Amino acid sequence: MNRRLKVGIIGAGRIGRLHAEHLAFRIPDAEVVAIADPFVENARRCAGRCGIPKVFEDYHDILNDPKIDAVIVCSPTDTHAKITIESAERGKHVFCEKPISHDLKEIDDVLNAVEKSGIKFQVGFNRRFDSNFRRIKKAVESGEIGDPYIIHVISRDPEPPSIDYVKSSGGIFLDMTIHDFDMVRYIIGDEVEEVYVVAGVMVDERIGEVGDLDTAIITLRFRNGVMGTIDNCRKAVYGYDQRVEVFGSKGVISAQNNYPNNTVRGDETGFHRDPPLRFFMERYIESYVEEMKEFVNAVLNDGQVPVGGIDGKIPVVMGMAARKSYDENRPVKLSEICSI
Amino acid sequence: MNRRLKVGIIGAGRIGRLHAEHLAFRIPDAEVVAIADPFVENARRCAGRCGIPKVFEDYHDILNDPKIDAVIVCSPTDTHAKITIESAERGKHVFCEKPISHDLKEIDDVLNAVEKSGIKFQVGFNRRFDSNFRRIKKAVESGEIGDPYIIHVISRDPEPPSIDYVKSSGGIFLDMTIHDFDMVRYIIGDEVEEVYVVAGVMVDERIGEVGDLDTAIITLRFRNGVMGTIDNCRKAVYGYDQRVEVFGSKGVISAQNNYPNNTVRGDETGFHRDPPLRFFMERYIESYVEEMKEFVNAVLNDGQVPVGGIDGKIPVVMGMAARKSYDENRPVKLSEICSI
Amino acid sequence: MNRRLKVGIIGAGRIGRLHAEHLAFRIPDAEVVAIADPFVENARRCAGRCGIPKVFEDYHDILNDPKIDAVIVCSPTDTHAKITIESAERGKHVFCEKPISHDLKEIDDVLNAVEKSGIKFQVGFNRRFDSNFRRIKKAVESGEIGDPYIIHVISRDPEPPSIDYVKSSGGIFLDMTIHDFDMVRYIIGDEVEEVYVVAGVMVDERIGEVGDLDTAIITLRFRNGVMGTIDNCRKAVYGYDQRVEVFGSKGVISAQNNYPNNTVRGDETGFHRDPPLRFFMERYIESYVEEMKEFVNAVLNDGQVPVGGIDGKIPVVMGMAARKSYDENRPVKLSEICSI
Amino acid sequence: MNRRLKVGIIGAGRIGRLHAEHLAFRIPDAEVVAIADPFVENARRCAGRCGIPKVFEDYHDILNDPKIDAVIVCSPTDTHAKITIESAERGKHVFCEKPISHDLKEIDDVLNAVEKSGIKFQVGFNRRFDSNFRRIKKAVESGEIGDPYIIHVISRDPEPPSIDYVKSSGGIFLDMTIHDFDMVRYIIGDEVEEVYVVAGVMVDERIGEVGDLDTAIITLRFRNGVMGTIDNCRKAVYGYDQRVEVFGSKGVISAQNNYPNNTVRGDETGFHRDPPLRFFMERYIESYVEEMKEFVNAVLNDGQVPVGGIDGKIPVVMGMAARKSYDENRPVKLSEICSI
């Protein structure tokens, strides 16, 4: 591996800038050679900060650059599929932010294009790379907790997004729960067969007014008999709450939250610790670095990407089933949405 | 309150002996004057240990003793209703172990008899008196965590009971979850409208062979919009697991398990603490004392009992709805079982 | 063991009443037949509450009662030695609150009288019976943490006592640290050879004005090479702070504080738990019951008492060495105080 | 700040390479233009990895390069003073690894040279930049815990260094405790007046054979009356143990260890978590980055360095006083070593 991967970044929004910084400063094996964004000023600022030589308005300039090995797709969700397919056609490896699309047909088109082209294609489910959840995965895989019986995921945001964001988010299940759907598949290593949802609008009435929900419990039944729940809320005043527990025949393993420091303070009213890391970029900073390192590594060494195309599709199916379950107040099988 | 409550205990099994010891040694305001059990030797041994003057084979000897103010019903479940009704007819106050009955008609008969007689009638849901769950109740009531959104109960036993016990237990929902049904009603202070169950036999096939389940997740929807889950398993190798969490608009409160000591030990493999209290009688010893103190106090001072007849009925209805939900794999409203 | 130990209690102050309640309600093998106190009204109230038949003003009435097997000495410290010696002369077993005396000559007189008479003599170092510290003792004894290198004790009170109490307390080292001196001997199972003290008056100037200290760190060197520290303060606003840590060749074990409940609450400012148990009688209630059970048991079964006369003497020697070290700002050997 | 600081690194050992990576990949405002090491191969490998253009055998080539603004001194301890003085004479700012020297005369020479030249001079006490200890510092400074009374530092290494290292280390107090001496000064914000040491050889006899100690408790008395202890050991089997507690008039604050993940696993033997971060480079990685960022920032913006020359001198004085206290078994005032 005596050469560096040449990368182009498409999209200089929040997540594009995050990947740019990691690729520039934390991942010696990669080199960002170009960044593109229709708001070219954003791309320019990011390029300045990260020492990226080329800045484009049109992402096709990246796709057409023969020196670029791989693209990082951080554009708006509704362009992910199109850009990925175009990249595949030009033989460029793709790291694509989640979700691939909110449309199953489009996702299948992407998966077909990827397969036909033979490129590496990784979907940005970064939480798999978090040290807490990796430790849980290891406990399940290694048999430390025996046969898994039950998985619980608690995943609550510190603040709801703007109503504008909510409107175009695809709904809580495709926007927020999608990460947790990926998490339960990753940890249990099997597919969910059926979901049942109770949900409501508790945090902000305006979220309900645009047809979405802000609080939900999703009950899961896996093909192998494991059961589980996902607890989502758009607002937890005490910060970003990201916990997972797996209970099995030989024990239990639980991930607690991460904190900015490990101090505890006592006073007349009791003992206190500061709130957990509040912002997802702080909380998952290392997992973002790690997923990108593994992508770079998979491309350079012709290895397997850790999160493939099918991993991008199934959580979308789960999100659709969840919404259907809520709408019809009954358990819904994933096979009602599509065959997998 | 310058007199002591004169109490008779019916049933000298495990739980009867527990109450006898507490009444004798921990509750100065009560005096156990008699204990009855068809296995009279059991009653005699308990009487010897606790200094109880009278021992009977037939519990009617207690009911007919005019000096006895109150009876503690610790006989087999299928006799609870009959004995309570007979006690009510004789004007004796009753503390009755849970459940009142597995038959809704019988429960209604008990509730009617109690109402007609005007006796105090308390049902033995001891966990309400546990200091952890009381603290959570207080947080919910006082508004410390704002409006509650979600409640989670984890309630796992260290070991399954014998298959003989399972056969006559009424099933996991009436035998085990019933405590958790009471807990969620107590803490949220509102009624559950609908339940949905996923469940299975994961611990011991023989439990399935007799028609019961050993592992379950019960999803709850309250009338006030609160959602919740109960996680039950008959066997957690790491001990008795009794946790509750309530999440609300202003925060969250979680009860962790209780341990025999608060030491933590570090060695080459990491940091360790001994398993939590394993046996329910150790774990809930103080809550058993406390519920009995409150009963004695309510009778002596003509106060309100903390857990009344309706609190004995509704968890049975919830258990029936849970089984129906499992059998039919759909959410079931409590009103499908009976009107409350 | 088919008979109960007949006990008389001398002193109906706070600690006498505590032992009376435990003997009456928690220890079936004992029977309190008399209680004496010059403030006879105190003794009478306690007798009423605990069902003690005889009440005396003069403790000699207890010593002269041939039916009484054992006395519990809870009178003021300066009478402990005299009463114990008189009890020994009458062949009555003695449980004596700590300290035996502040005068080494008097202590030796007690030890001689006890030896001559052959009575059981237990000193009231109740903390040895606490489940946390017992677990640490077990870890040291069993080799779980290998050879011990270092012991740390943190022992801070929630509130300083009254200045009147301080004046007659014998000073912080004989009044407060004495418990910790006992604890380090108990856990390490060897004797301290030398102590060094830094201390000051930080909490309340009036404590300094009467010649005492309120905050201190005592450094310890054991004969077997183990080192340690004791951290004492008369006032910790967050409650009663009672921690011990032992570090050794194979690991470390630490006891955390005990809390009234195990709930943790999160809000915008972070995560919180209620203060630890604040009052020593709550914190050590079970250890008080336990030490008395073991005393009763040792007498009834002619066993060995768990805390003997020499255990009452050495902590006093350590307290004297500590004060000398503070006064002269140098390490002081226990052998400078007396030979042991 | 539109220019980057041009830095030369002297010494390509473990700590030099660490700083090189941070400056190259984590600190955009700096640019490493050269690295020097007599083992030039080491320097070359590091330069390759970090993209450093120039590699020298002789550090004078760095000092003589007029384009270099600042040097990072990571050479062997006995060269720190000489190189720093030479750098000062050439007007190059210096970040110098701790300790400046083991010779007080040399340290004073450095301090004089720094003062005369007007360069920025920062000493590498990285732990001040750790988020746990910063939080404690903030609690003390802000008055959150009131007036500090007592500080405890526990600082135990996972493994002793090689005997060769021990021989030239300057002894435990100058090599290991020196970090803790810096920590207590930093947190309390006042100077220690007197120290007293108990210590021994418990981990490895060979450490004793070369005249050093491996386990120690250092008792501290500050000028402002605060007391404290430092607990050091060269080997804690459970990993790197780095804790600090400060107790004051309004509360207490304690830093616990940092762990590779926040999961807890339960099985039949209890609850477990993996050992804390074992290696100082993992444990303090962020604090190393942070100290260097602050140095770069101080130079670029002509600000004050956070750890100055006097902060490099006083811990050495404390280490000498500690050794003298051990040798003479008595408390030793820092003023016995030198006036500060």
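Details
A, B, C and D label the chains in the order they appear, each numbered from 1.
Here is the rule we use: contacts are C-beta pairs under 8 Å (C-beta built on N, C-alpha and C of every residue); 3 or more make two chains touch, one makes a residue touch a chain.
Predicted, not measured: the structure shown is a model, and the values here were computed from it.
Number of steps on the shortest path from subunit B to subunit C, with steps defined by chain touch: 1.
Averaging Cα atoms per chain gives one point for each, and the point farthest from that of subunit D is the centre of B.
Separating the centre of subunit C from that of subunit D, both taken as means of CA atoms, is a distance of 43 Å. Separating the CA-averaged centres of subunit A and subunit D is a span of 39 Å. A straight line joining the Cα centres of subunit A and subunit C is 58 Å long. In subunit B, 236-238, 250-252, 266-268, 274 are the positions where the chain touches two or more neighbouring chains simultaneously. Across the interface of their complex, subunit D is touched by residues 236-239, 266-276 of subunit B. Note for the complex: subunit C touches subunit B at residues 25-26, 28, 49, 131-132, 134-136, 139, 144-145, 250-258, 260-268, 274. Within the complex formed with subunit A, the residues of subunit B that make contact are 146-147, 149-150, 152, 156, 196, 198-200, 202-203, 215-217, 219-221, 225, 227-229, 231, 233, 235-238, 241, 247, 249-252, 329-331.
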